[in-house]
Amino acid sequence: MGQIQLKQVTKSFGDVQVIPPLDLTIEDGEFTVFVGPSGCGKSTLLRLIAGLEDITTGHIEIDGKDATDLVPAKRGLAMVFQSYALYPHMSVRKNIAFPLRMAKMDPAEIDRRVNAAAEVLNLADYIDRRPGQLSGGQRQRVAIGRAIVREPSAFLFDEPLSNLDAALRVGMRMEISELHKKLATTMIYVTHDQVEAMTMADKIVVLQAGVIEQVGSPLELYRAPRNTFVAGFIGSPKMNLITGDEAAKHNATTIGIRPEHIDVVESGGAWTGTVGVAEHLGSDTFFHIHNTGLAEMLTVRAIGDVSLRHGDTIHLNPRTEEMHRFDADGLRIA
Amino acid sequence: MATKASRSAARLMMAPAVILLLGWMLVPLIMTLWFSFRVYLPLRGGDQGWAGFDNYIRFVTSSAFWPSVQTTLIIVLGVLAITVIFGILLALLLDQPMWGQGVVRILVIAPFFVMPTVSALVWKNMFMDPVNGLFAHLWRFFGAEPVSWLSDASLPAIVMIVSWQWLPFATLILLTAVQSLDSEQLEAAEMDGAPIVKRFWFIVLPHLSRAITIVILIQTIFLLAIFAEIFVTTGGAFGTRTLSYLIFQRVLESQNVGLGSAGGVYAIILANIVAIFLMRIVGKNLD
Amino acid sequence: DAHSATITIATVNNGDMIRMQGYTDQFTAETGIAVEWVTLEENVLRQRVTTDITTKGGQFDIMTIGMYETPIWGANDWLVPLNDLSAEYDVDDILPAMRNGLSHDGTLYAAPFYGESSMVMYRTDLMEAAGLEMPTAPTWQFIREAAAAMDDPENEINGICLRGKAGWGEGGAFITVTGNSFGARWFDEEWNAQFDQPEWANALNFYVNLMNDYGPEGYATNGFNENLSLFNQGKCGMWIDATVAASFVTGADSTVADSVGFALAPNAEGVEKRANWLWAWALAIPAGTQQEAEAKQFIEWATGKAYIELVAANEGWANVPPGARTSLYETPEYQAVPFAKMTLDSINAADPTNPTVDPVPYVGIQFVAIPEFAGMATEVSQEFSAAYAGQQTVEEALAKAQAITTEVMEAAGYR
Amino acid sequence: MARSVTPRRKMINTTAAWAVGLLIFFPILWTILTSFKTEAQAIAAPPIFLGFDWTLENYSVVMERSDYGRFLWNSIIIAGGSTILGCIIAVPAAWSMAFVPSRRTKDILLWMLSTKMLPAVGVLYPIYLLFIEMGLLDSRAGLVVVLMLINLPIIVWMLYTYFKEIPVEILEAARMDGATLKEELLYVLTPMAIPGIASTLLLNFILAWNEAFWTLNLTAVNAAPLTAFIASYSSPEGLFFAKLSAASTMAIAPILILGWFSQKQLVRGLTFGAVK
Amino acid sequence: MGQIQLKQVTKSFGDVQVIPPLDLTIEDGEFTVFVGPSGCGKSTLLRLIAGLEDITTGHIEIDGKDATDLVPAKRGLAMVFQSYALYPHMSVRKNIAFPLRMAKMDPAEIDRRVNAAAEVLNLADYIDRRPGQLSGGQRQRVAIGRAIVREPSAFLFDEPLSNLDAALRVGMRMEISELHKKLATTMIYVTHDQVEAMTMADKIVVLQAGVIEQVGSPLELYRAPRNTFVAGFIGSPKMNLITGDEAAKHNATTIGIRPEHIDVVESGGAWTGTVGVAEHLGSDTFFHIHNTGLAEMLTVRAIGDVSLRHGDTIHLNPRTEEMHRFDADGLRIA
């Protein structure tokens, strides 16, 4: 169980309305990701759901029951914080057991649940250490463990991986995805890393300044961004957004073409330019291309190692079927 | 960063402070030790010769010795208890959002600025005086018999005066510590179903333990030496004679420098016992 | 040369001394000698000057000391003898009791600025209301009767106010003279402490009962100042204390100035010694000062007859420093001051060389002029104060006093 | 992220905090008020809070009786001098401890603190004799040195904790940039530690200002600071509450005012740099 | 000028030898990157070169001259720290000018150089601000500016970008590359991000526990890792390392195949497995595959969006020509 509904929810801090009226439904078992630029209200929204902030107007329903005025502990939600928010003076075991102790659960049952969670999260070896003696990834796992044992109806994650280094982030990302598969519990996940959003989400909610720009599955957003904001935000490297004459040719104010949808050809091709920086990763090569006659610099991805270097001339062919068109308001032209 | 050059520079730069303090410790210490083995009576013309351990024996066997140790400990522990407990409560209160926080903070720190002599005088005369003191007026207003604080409740009165002076210090250290508590930890506990009292007990208090240690360490150092407060208020009467006041009486009132110096040596030993004890805890609790 | 000389004087923050500071400009104008004052509270002053004199620190050119320190310091040759003062200063005019007390082996070491004994001050209006009359030489029994009669807790009037504050010069002095007036003494002729004797028990029990019954709240912490302010506020029927208080209780700060009477300090029935003490705040010159001549000049000025006239001219006769000079008491204007005669009588009633009923090996009335006394008596008085405050019984206090005194006397090698 | 609170909650906090703050401040406030009363009003029963005839008489009496300016100046010189001298000695020491730590660093630091536990009354005689020997009695220089030594452990400790907050990398950068040790201390470390040093200076200024044992015992006239000034008002004959209050106010006012203007540094300083 | 040679250099902290005897030559003008796992000694090595630590034994030569006992300032090297290490109390201008002031350079010349550096690094607009008023990227540029003005014979960078967020990191990475092109000065760059290593380096030095595992150009390391450690370390996602029977088939103890060198085919293929997690990025899809009959889980990259999901069966064809073989000691078999 874990359906969450926001109905005309707003939030103001003093006189500043951070969230204008907003409606959103998160279905039971869904993995929903909130993305958006810094300060757009992702954390605020999550905290409203958690009950850590009072909503200014509107209603929140959890599993169909009004939870607007419920204290956090009574909402049956568990939260994993960016800073992990572990209790530094308690061992891993005590950290994980804390919510159960607070619920005055039977000690034997507490033990059972803590051990089960430690098992699932591979924490058994560290169970008697303090958080200070753990690595970032291990700490994150403890935080998740503390959330799991409560068997909440939904998990809330606020940028849980942003303090980890790249390699660990990839690992933890998969662990959380697998956990979601295993538990099938509703999860709401805040991030500003669009790779995390794309790989983990069942449903992505793109926010800007407290307003929902688009809601949909990752591939829906990738394939049909509703506006230039979403187009620029989803996909890495960023979609090339081209204005001016080239766009006019396609009856649009702006056209968008992703780097991976531009082919490097031996000769000919629609566009020609010079290579600025060529980044050879082995698996791929990224070219940053100048002097194409377009107003904007282009980014192009070539598969494998393409031996063009700084200053070379490059011929490019955009795949027109993958092109996105936007009108003067930045909205997608179907 | 540790090249040979920087290490030798470090040694050199530490030297002045270390040498000065070593001198400040050793010169008086050696002189005190020397005096403590002499019959040294300034009013009888000074040094009267070797005393052996007489001074030491006389000092500890004096009926005033153990009570004075006890008084010292009561005052130190009493002040520590009050300042830590009220310091925590005040820190929690001042951490809350409010109007005029800066002004309130200044009001709370103010007692720290007051010279111990002045504060003792003010408390003694204007508050604790059993006839004209403000407390006496207050007691009478409620129909109670005024208390002669400095005789009937002398230790509590001194503990109160000293606590008033040191409460700002404790409060501020604890306030800074409270402010450094990651609010996400408290929110996590809230989500975990801990009510406010349990959040205090399980999260806030353990977080404050380091700050509390520091309060205890520094205050103890200063409290072991309090003098003016006692000199001004009771002059050591009514069971308020601390070890350092007893030494004062021996040296200055009785003009027996040898005996007082032996007391000084005891005080140094006591201070070091306390210091070692404290540093054990602090060593563990610092970084 | 004298014109650039500056002398440094350590003094106590008493009213008379502070008044004198106000007049030092005149001294400087007359002599060209500048004066620097170090004014300190009595206890701090004592601690400060003792350290300086015993270590020969040389911080001061003149020190304000009392009758207790002078003979001891004089005996150690720490003070400059005042045997070559000018003729016009008229050393012989100093009251003999004062002169004796401030001398060692017949040499004067300090010049009295003012002197005092103790006496009874009482409220004539209250006595009258109670239908009693104060004899000139009352007994303790009468004092108790009168206290009972005047005590009026409803109106915040205590029958009697007395010193209870710890400190040898405060409550210590008072209880010692009380002891004298009950026939008690500190030591017998072999320097044996006498607190185990019945006279002390009588004296202390009498005092405690009297104060518990008719004394103010918290008298165990009251000293001269506290009692003065109580009396001035009209909260005491009687007060037995220093004769110098007379000018304050009849002065401007007093609410009862018009109805104060005076009597000799009391004695217990059948005991010939009265509870009189003898004290002087005196100016002395530490040996080794570079400014001996200038210091003497100042002493002659401050303790001379001219100064008394100067104050009399400016502030009235009631405010001149009392108790030092015979000539003052022969001045007709001063004889008109209500407390003059009683002060002189009280001073004359005190005999430092023969302070107690039974013979003693020491000099001093409210103190014992030996170096160990101050420390020892402070501790003893602290035990007594604890008894006043009800923290221990009179018997316990006396037992402790006996132990403390014996301990000190043994340590100091008297026995 | 601090949670937002309702105005009602804030109002309750404000009321409670102000009440407690005023209660703690009350003795000082009462002293200041009393200093403007006449002696009779000062002991009036019931006590008069504000409705009295404000008078400056006590201040003028005090000013007349003692040379307040000289005491004040001595206090400033002694407290300031000892603090600055202490800093000059402590900065290099703290630098060494913070940036070139060795196994003994912590021991040395704790040893330094333990020297503060020496009972002052016990060593008055030796120090007095030393002072006579060196001709330092009643000299500001002597007091500056003594107070500096008393506070040095605290200064070293505070600076040490502040310096530890400064990343070593910045000093290393300066070294790479060709700064000598002296330049590193002068141009990089000291300016960066200014807030910490300011707090240290302030706190030690207060501690030195309020030190009453040595300042009283080692001075007479020339070097006597405000602690000696107050010692002449503590219990004279007669009524003295108002004059005592005036003198007390004059003794603590400079520090109170200083504290008011530098409360941020002070708050930092009062924590001895020990807690962040 | 800026050739740096380490000859039999060792470093011990107390009793722990962090760097065993090590030889390394960095040629003038080269962009050398040190990579390796955390704690392997990258920073230590850099600090030994800088002179911030004494070497325990061995020699360091800069431009052929022995620099072993030279103080840092005399080595003619500039260092950019991970934390930027700007002087917070000085303006940008003063920060950049600081090394020149220390060298007692003529004020006019200082000005000229500072302005030139500010020009190059686009700092002119912030020149009078304090570091505290700058964004992370701007601060990093100031740190570089401070290094540039000294015209050092080599630059040392210790993870200069690790405090920046992903987007900025990409930008600064390119700026540093371009700077290197412009100045052609020796640069030694420490990172543990292998994408940075690949895209920026002329030469990569792979370290493990103070030992150099391989030195070579990025593509050399990508194409011919000398051992399994380098193979696993270079390339993202990590190379699949397969042991057991499958490896034996190829006469090796371990075989390695990169995710991008395994093709997803409709049917047939050498390997078959079930999809564990499928990460759909739009541009690529990463599959984590179980039950292939191999001892290890496989990671596979498919270009574009491949619509296989969790639990689906997948058919794979590794490109044998891209396969790497390693012996029992983990060394490459040619």
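Should a chain be cited, it is by its letter among A, B, C, D and E, assigned in written order, with residues numbered from 1 in that chain.
In the analysis below, a residue touches a chain if its C-beta (ideal position, glycine included) is under 8 Å from a C-beta of that chain, and two chains touch if they have at least 3 such contacts.
The shown structure was predicted, so the numbers you read here are calculated from the model rather than taken from an experiment.
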| item | value |
| --- | --- |
| Any chain that touches subunit D and subunit A | B, E |
| Centroid comparison with subunit A (C-alpha atoms), farthest chain | C |
| Contact pairs, highest-scoring chain pair | B-D |
| Rounded Å distance between subunit A and subunit B, as computed from the means of their C-alpha atoms | 55 |
| Chain centre separation in whole Å, for subunit C relative to subunit A (CA means) | 89 |
| Contacts with two or more other chains, residues of subunit A listed in rising order | 52 |
| Sequence positions of subunit C contacting 2 or more other chains | 47, 51, 55, 229 |
| Numbers and ranges of subunit D residues touching at least 2 other chains | 1, 3, 43, 124-125, 129, 172, 231, 234-235 |
| In the complex, subunit A residues that touch subunit E | 165-166, 170, 174, 177-178, 181, 193, 195, 198-199, 218-219, 222-223, 234-237, 258-260, 277, 279-284, 288, 301, 303-305, 310 |
| Residues of subunit B touching subunit E in the complex | 1-5 |
| Residues of subunit B that touch subunit D when the two form their complex | 1-2, 6-7, 9-11, 13-14, 16-18, 20-21, 24-25, 27-29, 31-32, 35, 90, 93-94, 96-119, 121-123, 125-127, 132, 134, 137, 141, 164, 167-169, 172-173, 176-177, 180, 183, 187, 210-211, 214, 217-218, 221-222, 224-225, 227-228, 232, 243-245, 247-248, 251-252, 257, 260-261, 263-265, 267-268, 271-272, 274-275, 279, 282-283, 286 |
| Contact set on subunit A toward subunit B in their complex | 50, 52, 71-73, 77-79, 81-83, 85-90, 98-99, 102-103, 146, 150 |
| Footprint of subunit B on subunit C - complex, ascending | 43, 47, 50-51, 54-55, 72, 76, 165-167, 216-218, 220-221, 226, 229-230, 235, 371-372, 374-376, 378-379, 381-382, 385-386, 388-391, 400, 403-404, 407-408, 411-412 |
